[in-house]
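The following pair of complexes shares a single chain, subunit A, combined with subunit B in the former and subunit C in the latter.
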Partner chain A sequence: MSDMAQATKRLRLARGGLLDLRNLGAAALLCLLLALPFVVGGFLLYTLTLCFANALGALSVSLLVRYSGEVSIGHSFFVALGAYAVAIMEKQFGLSLLLSLPVAVLLGIAGGIIFAYPSRRLSGIYLAVSTMALALALPEILVHSEKVTGGFEGLYVTLVPLPSVAKELQRYYIALAILVVACLALAQLRGSRQGLALLMARAHPSAAEAFGITRGWARVSVFAISAALASVGGAVMAFASSTVSPNSFTLWSSIFLLVGSVVSLNRLTLPAGIIGGAFLTLVPNYLASAGDWVPILYGAALVAVTLCVNCASDIRLLLARRERP
Partner chain B sequence: MTIMADTGAHPLRADGLHLSFGNVQVLTDVSIFLEPGRITGLIGPNGAGKTSLFNCLTGLYRPKRGRISFGDIQLEDLPPNRRANLGISRSFQHMALSADLSVLENVMVGLTLSRTTGWVGAFLPLPASRTESVAANRKAMSALASLGIASAAMMTPAELPPGTLRLVEIARAMVCEPRALLLDEPAAGLNAVETRDLMRALQRLIHPGLVVVVVEHDMDLIMQLCDQIYVLSAGRVIAYGSPQEVRRDPEVIRIYLGDPDD
Partner chain C sequence: MTVLSGFASDLPPLLWSGAVSGCLYGLGALGLVMTYKSSRVVNFAHGNLAGLAAFLVYGFSNGALLNLSWGNAVLFSAVLIALIATLSYALISPIVFKSDLASTIATLGIGLMLQGLIQLLFGADIVNLDLPVPRFGFSLAGVRVSSYDLTVLVVTLLIVGALFFVIDRTRLGIAFRAVSTNPFASRVCGLNLRSVHLFAWLSSAVLGLVAALLIVPTTFLSSTTMSSFMLQAFTAAVVGGFNSLPGAAVGGVLVGIAMNLFAFYVSPEFMNTFLLAVILLTLNLFPGGLLEKVSGGRV
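So, the complex of A and B:
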């Protein structure tokens, strides 16, 4: 049994808790972000707040890729669910973000399940194309249900949860807090019964069934979580930008979310989310003068990242082979 | 998702199974009776239908005709996850581990059905989900230790040789304390020491309530380990009996050693 005791000890060391280097990196980044408003202000703070919202969107696509191996080019639909939930709750009932956020989560879950159940047997390109249908249909739905959604004009989000604190600051901190909580929840999911089951269903669906994990359950669960996360991203986006309109939820926004996910290497950590979100937020901002070039530059960045990642894994393999003759 | 409460001994039996893919007849009138408390070997040349029979028992394949029962429960119409729910567990001939999970986590997948943490516990560090996770961890660890591979717990499958991965598969199949354990070529790729560890682990594992079936090409292992043996050839059961009886069976000798008249 000493073998087992030793292994248990190693396990504890490997999990290293707070001393883990990666955790330290994330903690350092968090401290930096927490301190930032004392140093900078105005436009940069606003941009970072949008970045947190986009980070949630990128993470939602990454989650789908990680846990089901599928790709969505329609996630702007779920983002819009959250964004409009916040705007409509404010317009109809006068509720601010913290009260409308649970509604956004529930809507996201429901939306994810309603989409995933009928499409549970699709995969790969077929599923991707069916998600595209969501993205294509969405702007039309929003424009035509003008009474609720405000049509082309969209809706404004002006309420803030804490009336006494500066709007800009609470937008920043609330968005950051939601992003951090989401990342912690995702870390918890990875080690949970469901997380392990989903990863097994992704790797070997028939083996997973032999342990009681059905494909349908796996697909619907992943979509529900991913859509809920996207919806939270949308809610934060509406709150951060104080307006929602159909323009922000086109097929292109879905594709950009996918790009953000790829740029962050489909990882589900705070730094990766920030990288994906920053890419989605900053690149169009700084390239605003580039006009038509934006999609091309996006494409180039996507190709570059994909190639670099492949190279990196090749190099890692090569090194591993050298070490183990 | 709960495991059935009763832990009584049930035989796993198949009667008159027919399975075909298109025009290819894979199983023809196969009947087997797998007794609890005994280790049953399933041998035969390549393509004899051993893995197909396994897949029929676990629900991955649906036989064209025939009945499968576990105790009093008819299994033919139950999907694989429902059969898993009844305590039927298996390992795979081709490695079916997730590369994203550590060895320990791969084994913990075997406990999925016995764990009850809900979705809230999946996202929040609730005390109940933590307790359950620690217990699952410990169970998986002791399953690995019983096969002598506890030191590999934190590694990923990519870092380990095929022999060890085979044992990880077996640890995953037995960690949930199944009532029927189906092992598909458990010793393939194992060295002599690993095979011996595996045999000891299986002998320790067997208890009066457990059905164990082993498909294997390693004759020494089968002859030492099994209480009874079925021999399959071209989709039919051609011999059945104790290792000694099977060893003496002229038909089995002909298949394994070739016909002396040829």
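So, the complex of A and C:
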């Protein structure tokens, strides 16, 4: 409901040509990220590149939560789809990221539709349970189809699109560019007719059906878009870390994506994505010595943010009541 | 002909051992269904709590934490687990009535914390934890029945019997049924929803403890095995319908048998994939589970 109201407000703002403070903030952040490679280097740059990949993953979960009100704890499946698409395209055909990225997107869309179709009419918990099964099934599929996926050891990704530029810089800027394009596309979706239709199917299912937007259609299309986004995230992840292996796609990595999405309050903007991605990438890196504390910290963050959001909405409700006696 | 006779001699043991492990999936599923029916929350921390329970029993009886006898260790861990279950319900209690989605996400957070706790206390150890029952076995109509199988059956029957007795005959059980049918009306009638929720969460934690203790002897205990056990329990709950307690028990046995047949005749490596297929198929053919009551709808 509030999502829809916000979307229409945005639309009006955009048409009125008013400057949006939030857009300015995002632009400033982008400038900072663009200039960063001139200041820092090495490990931090690599970490940030991974952060962009995780940001895409967190955004994909946020998209699902925002547009259909569902949670998925199986998005590592779609991330793996993209990552392995890049690695396999390189191994089999010698193609680099720019050519394998569209393949990753298509695979993500196809995977999302195939998976969401059976559960299109069911309430949220069933979707969550089947995504859990998806996440748990993934490692055994990857490990036991060794010929294609390289089994336990996984595959390497070494090709870069531009041979003459330094690899690190290329990885950083291409990942950033993909993330920015994804965020612009999300903003476009939010204001578009299709985006409004999807939001309406969530907020007022019966009204939406009267307009010809069935719930099943909305569910499947949101899931397909989200899966495609996750798959792009996976492609960037493979490109950034130059290796893919089943270890990075477990049930826990799926749940971590959800943590990243919740921590960024399920928002779909560039800064939110970066926050989510940074939480997933920087926390384990800087707490490497306290490895076992990471799940506890993530779990605590998940519970704390959920409770705080609930508290905030309570307070807002109270204030609204006070305003109109 | 040989194929057929091989089939005839293979099938009974497969069905038997499938049903035995299915009882345990059913126990796990019962816990999930109890929390879901009363508080509309799918407790994703269930498996982690059960895993922690088994680890605690191990730690208390093997000298890693304390050096108690097996019975005392179980008692002690049960008390601790009940405490943790109460605490986790207290954590999500502000959002239980408001948003199913938020509370489900919060249980995932609790599950992560419990998982971290297991890793923190016990590391990545792989642990063997046997039941203190005398070992014997006999053959019955081509099926080998071991003392372990009998223990599982007896314990499951006792626990499920006690649970259904409580739900069918006692005031608490009536309250539980009322709350799961219509929370609003039961509140109007003066029932305390919180205490009913707590009853469901506590009994689900105990069911998890029993199921974990009984299932560990067949495999081993590590910080990762519990997630696949949780998937088996979830599949059982989906097959039986998340709204039906008898369904969960029946679903457990069915899933156990189906898994055994799949592992024997097709491939033992793709169990989780098989369960995913079972979940998706069930959701398409019987969206409310196999034991769903047929009821009409009004337009």
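In this text, the second predicted complex is superposed on the first by the 295 of 325 C-alpha atoms of A that agree within 3 Å, B and C clash if a C-alpha of one lies under 4 Å from a C-alpha of the other, contacts with A are read in each partner's own complex, and residues count from 1 in each chain.
Just so we're on the same page, a residue touches a chain if its C-beta (ideal position, glycine included) is under 8 Å from a C-beta of that chain, and two chains touch if they have at least 3 such contacts.
The structure presented is a predicted model; accordingly, all values stated were derived computationally and were not measured.
The larger set of touched subunit A residues comes from C, when the choice is between subunit B and subunit C. In the superposed pair of complexes, A:V71 makes contact with subunit C only, with no contact to subunit B. Using the contact criterion defined above for the overlaid structures, shared-chain residue A:R316 touches neither subunit B nor subunit C, since it reaches no partner. Look at A:V129: by the touch rule set out above, it reaches subunit C but stays clear of subunit B. When the two complexes are overlaid on their common chain A, residue A:R22 makes contact with neither subunit B nor subunit C. After overlaying the two complexes on the shared chain, residue contacts for A:A207 are found with subunit B alone; subunit C is out of touch.
Residue contacts after overlaying the shared chain place A:K167 against neither subunit B nor subunit C.
Contacts of A:G191 after superposition: subunit B is touched, whereas subunit C is not reached. The touching residues of subunit A, counted against subunit B in their complex, run 1, 3-4, 6-8, 10-11, 14, 66, 185, 188-189, 191-197, 199-200, 202-204, 206-214. In the complex of the two chains, the subunit C residues touching subunit A come out as 36, 42, 44, 91-92, 94-95, 98-102, 104-106, 108-117, 119-120, 123, 227-228, 231, 234-235, 237-238, 242, 269-273, 275-276, 279-280, 283-284, 287. Partner subunit A is touched in their complex by these residues of subunit B: 1, 58-60, 79-81, 84-85, 89-90, 92, 96-101, 104-106, 108-113, 115, 117, 119, 121-125, 129, 132-133, 136-137, 141-142, 144-145, 148, 150-151, 153-154, 172, 176. If you check the complex, the residues on subunit A that touch subunit C are 65, 69-71, 73, 118-119, 121-122, 124-126, 128-130, 132-134, 136-137, 140-141, 144, 251-252, 255, 258-259, 262, 292-303, 306-307, 309-311.
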